[in-house]
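Got a structure for you, written out below as structure tokens; questions coming shortly.
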Amino acid sequence: MIIVLKPNQARRAEKAVTDEIERLGYKAHVMRGVARTVIGAIGDERTHANLEALSLWPQVESVMPVQKRFKLVSREAHPADSTVKVRHLTLGGRRFHVMAGPCSVESEKQLMETALAVKASGATLLRGGAFKPRTSPYEFQGLGKNGLKLLAKARKETGLPIVTELLSESHADMVAEYADVLQIGTRNAQNFQLLIAAAKTGKPVLLKRGLSMKIEEWLLAGEYILAHENPNLMLCERGIRTFETYTRNTLDLTAVPIVKQESHVPVVVDPSQGVGRADLVFAVCKGAVAMGADALLIEVHPNPSKAWSDGAQQLTLDGFSRLMTELKPFIHAAGRE
Amino acid sequence: MIIVLKPNQARRAEKAVTDEIERLGYKAHVMRGVARTVIGAIGDERTHANLEALSLWPQVESVMPVQKRFKLVSREAHPADSTVKVRHLTLGGRRFHVMAGPCSVESEKQLMETALAVKASGATLLRGGAFKPRTSPYEFQGLGKNGLKLLAKARKETGLPIVTELLSESHADMVAEYADVLQIGTRNAQNFQLLIAAAKTGKPVLLKRGLSMKIEEWLLAGEYILAHENPNLMLCERGIRTFETYTRNTLDLTAVPIVKQESHVPVVVDPSQGVGRADLVFAVCKGAVAMGADALLIEVHPNPSKAWSDGAQQLTLDGFSRLMTELKPFIHAAGRE
Amino acid sequence: MIIVLKPNQARRAEKAVTDEIERLGYKAHVMRGVARTVIGAIGDERTHANLEALSLWPQVESVMPVQKRFKLVSREAHPADSTVKVRHLTLGGRRFHVMAGPCSVESEKQLMETALAVKASGATLLRGGAFKPRTSPYEFQGLGKNGLKLLAKARKETGLPIVTELLSESHADMVAEYADVLQIGTRNAQNFQLLIAAAKTGKPVLLKRGLSMKIEEWLLAGEYILAHENPNLMLCERGIRTFETYTRNTLDLTAVPIVKQESHVPVVVDPSQGVGRADLVFAVCKGAVAMGADALLIEVHPNPSKAWSDGAQQLTLDGFSRLMTELKPFIHAAGRE
Amino acid sequence: MIIVLKPNQARRAEKAVTDEIERLGYKAHVMRGVARTVIGAIGDERTHANLEALSLWPQVESVMPVQKRFKLVSREAHPADSTVKVRHLTLGGRRFHVMAGPCSVESEKQLMETALAVKASGATLLRGGAFKPRTSPYEFQGLGKNGLKLLAKARKETGLPIVTELLSESHADMVAEYADVLQIGTRNAQNFQLLIAAAKTGKPVLLKRGLSMKIEEWLLAGEYILAHENPNLMLCERGIRTFETYTRNTLDLTAVPIVKQESHVPVVVDPSQGVGRADLVFAVCKGAVAMGADALLIEVHPNPSKAWSDGAQQLTLDGFSRLMTELKPFIHAAGRE
């Protein structure tokens, strides 16, 4: 920690700060500058918490951390890219992956039709929501356990591993029984009890970024998974909340190279949630590939205009097939398969 | 819903839209403007969900809702202010309330000292965290059940009802056994399963606004409490996330008169979390009172610079006493007691 | 400046950094921590610019400034509150001021009617736009010089000093000839050439905060006025841009006590622009007074629903009179006249 | 415009609204819904301004525009892509362009060295700042006219057309005499007087997006150029301001396909300003190309760590050369040359 004192402080005021720093187990190191005195507190900031309270002291102007707060998720802890095994697949390696499927599982027919079509177009995992977090209590909340059973059936039929959302601690075992990847949604990205419950299942976890989460906070949420001894973490950028209203959210594609730099975990991009409009999904997928994403998570529906949720952002089966064709040259340009 | 067509559409394209609107149970109403044709879909938007998917249709430019999505929480549903009974107290009435206490319960001594002091200064409820959601897994997570027991003891000693955070569905019964008000934190504000679990305890719920929640979404989260048959809802503004870095968050005090206008539920302001700096808490409390808040939620600690969490934003016991004195003329100016 | 090195750097890499720091005229001061080495660069950051480029060096993790970048505008430079003389009035002193009038000057009748009414209700300055910056080139752009003449006439009639916007460097002399206070609008808050032109007129300058300006940047924009030898600066909070769409902008009332703490200049709040809805102006004005503002800037129009610009946010004459009555107890509670 | 009435209004209240709508020259069209009555006001919203003031009326809940406010800049007005001629080059066509050069012109040596190197690597235009808008009055403000002369000399030497910023109305003629493209910076993006002055020179204008500008507002600022009879407009995305602090701004790459869809003008991306960190520029450039940008604007400096401004975001000459090589497969994948 770096503690900046206000200008013109008496030595006594300075000493009170260094005493407190040492009382808390750090070593204090004073630097007297032209305009201000700066004190370094040397020690591990992650295990010694309380220095920020020094900012309350009248002689202190600011307190600045110099260490990063995340450990296991950091590139320093694991210099090589980590990969996540999902059944027969390896995510985070040379091969680029596409997770596709409907926003919500609505019926066997809808799901099977979609699963077969996305597989034929090149998707390698099947996504589909059985439990849906909805802004309003009056909106469709998902088929629940029946949705999970349909997903399992679709996996059997197509061989595609399934990705589905976990939204309640109390469902963790049930969802883990069916799913190959547990998705944690944006509204639960800092629901730490749910993160712990997901981690404990041992299943791969796909952690979406919260709408107003800084990248550091997102990595720290991921740290909850690794710290609870589940190494199978993937992070998914899906848009942040800004003032722009043209798109539902603002997809922060720069987060892809940043997370790749700060961390070793695979990065997935969800353009459907990110922009909320199917007509923009094509361009966004190309951008995500070019910027180094390891996989895409795309909403596809046989008839989006009749979907039970988020129709406006789902691609048609044909649209998805066209997208996969258009993506190919970009996947090659990015040096992926 | 209002559906705006793109310019120069053939009648056939227009008819396809009106047919779909009627198929979904609405009545279609066409208005031909100078530059664009607009179609009204008449029917209850809260029960007929799917019109937004029309925005995918090539002939459609935009789809705009005209109804509000919340019902029970709206002023229309309950024109008078609603009040919430917490033991012997009534929140939301003429009397202004102050909930004060430490960010985290740390020890019996710390809690009792604070409880007695805030009561002496005029606080009417005691707040204190027993379970703490922390951005990093390596930070202090609260005393848990022991913290709850200490709070109950402090209540017995002082008569102050207690407000404490619920952060796991699996704790709902245990926390409800001790607490008088269940606080739902900002990171869980759209953890709908937790909202349902809180509602089902029947205890008053203090719902904080999420960091990136629009007011409409906040009211809809509150709707989850009322729709699960718990009428004892209070909403708490505690700052939203913006680009400004001087304060931890940006307290949106205008939300107070807005919620008062749109809804009937009591509104609380949390300046401590809102600004994250004790030196600004005084001015913010005065502003909150002047703008019509029904209560304040304030962090107070016998020795903030040694607090185990969020030291920088907690008031001292003396500071709190001074604040209560300074607040009085503003409480009177606002016509409250 | 504080330069944080990446972990495990060779002494040679460290030395390259200290050499560069000294080459640029700072004194380097090395602190070796547990996880990282931190180097302090001692010297005046405001005159030695380029250390931030060190963040490009491979061995450097981050570069953090420790000094504030503003000087003349800071409370350190001028510990007492500064006041601004506008004709016979003193802003920033014990007396609370209200600047009121129409968004745009539309006609002699409209302006005179408003000026007389706001004076009768207690306003002490008259505001009115003669040059209007408009988002679209097809919207009403103001009466121009004729508007200025009408304002001068209204001042003669009522004795109220006038506040009006300057939006072009080329108008600076003309507007200064008529106006008592030059307002710099939010879209021009970092139009530095305009700030310099305004400063050079010697007239008091009311600098609105830009929609996405951090408080530090706003103070630095104010620094342009003081650095060009015009001490008559006032800062006006008028809302920042956030994700919330209920109000046009999000009024950051906490900026009032922050600016009061960091700076010595008078602070004005513009609730009309800040919230964009007349029905919320009452509550916001009370909050601004309670939080320590020195003055309010309020839009008032004889018939807002027929105004040529921004009708939705202007108060009626009656509404303004009622507001002034309701504000009184809050002005007294704040210790102002 | 669509005017939504509050529930349960008397016919008389409804009639007052329709009368006002017709008084203002629109045709009123009433739709009675289940919960609310909605009134369409039929007429050209761009020429009839004032309906938004209806939102002040007690019986009115909201007023929603249905038309877009921009005309000349819209895809409707010009269905094909427009191109901009800059000397011998055509921007907006099949050929992809790269504008490269130093943030600030510092000396003849620095500029010539950069110009020759970026040309050799494949840049087609030379950028360089002669007038610099700086957040603080104490920072380097550019070489001014001497900078322009050096740019002209570099153009003579290399044949590269030059792009440089215009930041004062009073410089318009002087800058236009030297520059091939006038850049309008982010802080001046809604300095409408400057936009008009730039338009009047007849030179191509590169309009950067303001830090908190919605896409609609950006297009409307562009409309100022076209409405002042200068068809040579290019729009440049360079990052918006959000809560994320890892990068200086958040580059909104989705704006590229959106502007391409809503408008016909060429779109440029500035990754240097957008992310503020040279190490992320590579990934961002690839993303911009993949998402359909027509050109890039990149800061390059022979020795970024010694640059007089914004060193942290400038590429080295070698770095730029490597970038151009890495970009090629993405340019081909995007179907450009």
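Order of writing sets the chain letters: A, B, C and D. Residues in each chain are counted from 1.
Please note the rule applied: a contact is a pair of C-beta atoms (placed from the backbone, for glycine too) under 8 Å apart; a residue touches a chain by one contact, two chains touch by 3 or more.
Note that the structure is predicted; figures quoted are calculated from it, not measured.
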{"item": "Between B-D and A-D, the pair joined by more C-beta contacts", "value": "A-D"}
{"item": "Most distant chain from subunit A, judged by the mean position of its C-alpha atoms", "value": "C"}
{"item": "Inter-chain centre distance, subunit B versus subunit D - centres from mean C-alpha coordinates, in Å", "value": "38"}
{"item": "Subunit C and subunit D, separation of their C-alpha mean positions in angstrom", "value": "25"}
{"item": "Geometric centre distance via CA averages, subunit D-subunit A, whole Å", "value": "30"}
{"item": "Touching two or more other chains - residue numbers and ranges from subunit D", "value": "212, 240-243, 245, 279"}
{"item": "Residues of subunit B defined as touching subunit D within the complex", "value": "2, 4, 7, 29, 31-36, 38, 40, 42-44, 62, 64, 66-67, 76, 241-243, 245"}
{"item": "For the subunit D and subunit C complex, residues of the former touching the latter", "value": "20, 46-47, 49-50, 52-57, 63, 69-71, 133-140, 167-170, 187-188, 190-194, 210-212, 217, 220-221, 223-224, 227-228, 240-241, 277-279, 304-309, 311-312"}
{"item": "Subunit D to subunit A touching residues, read off their complex", "value": "212, 214-216, 240, 242-247, 250-254, 256-258, 261, 274-275, 279-280, 282-284, 286-292, 329-330, 332-334"}
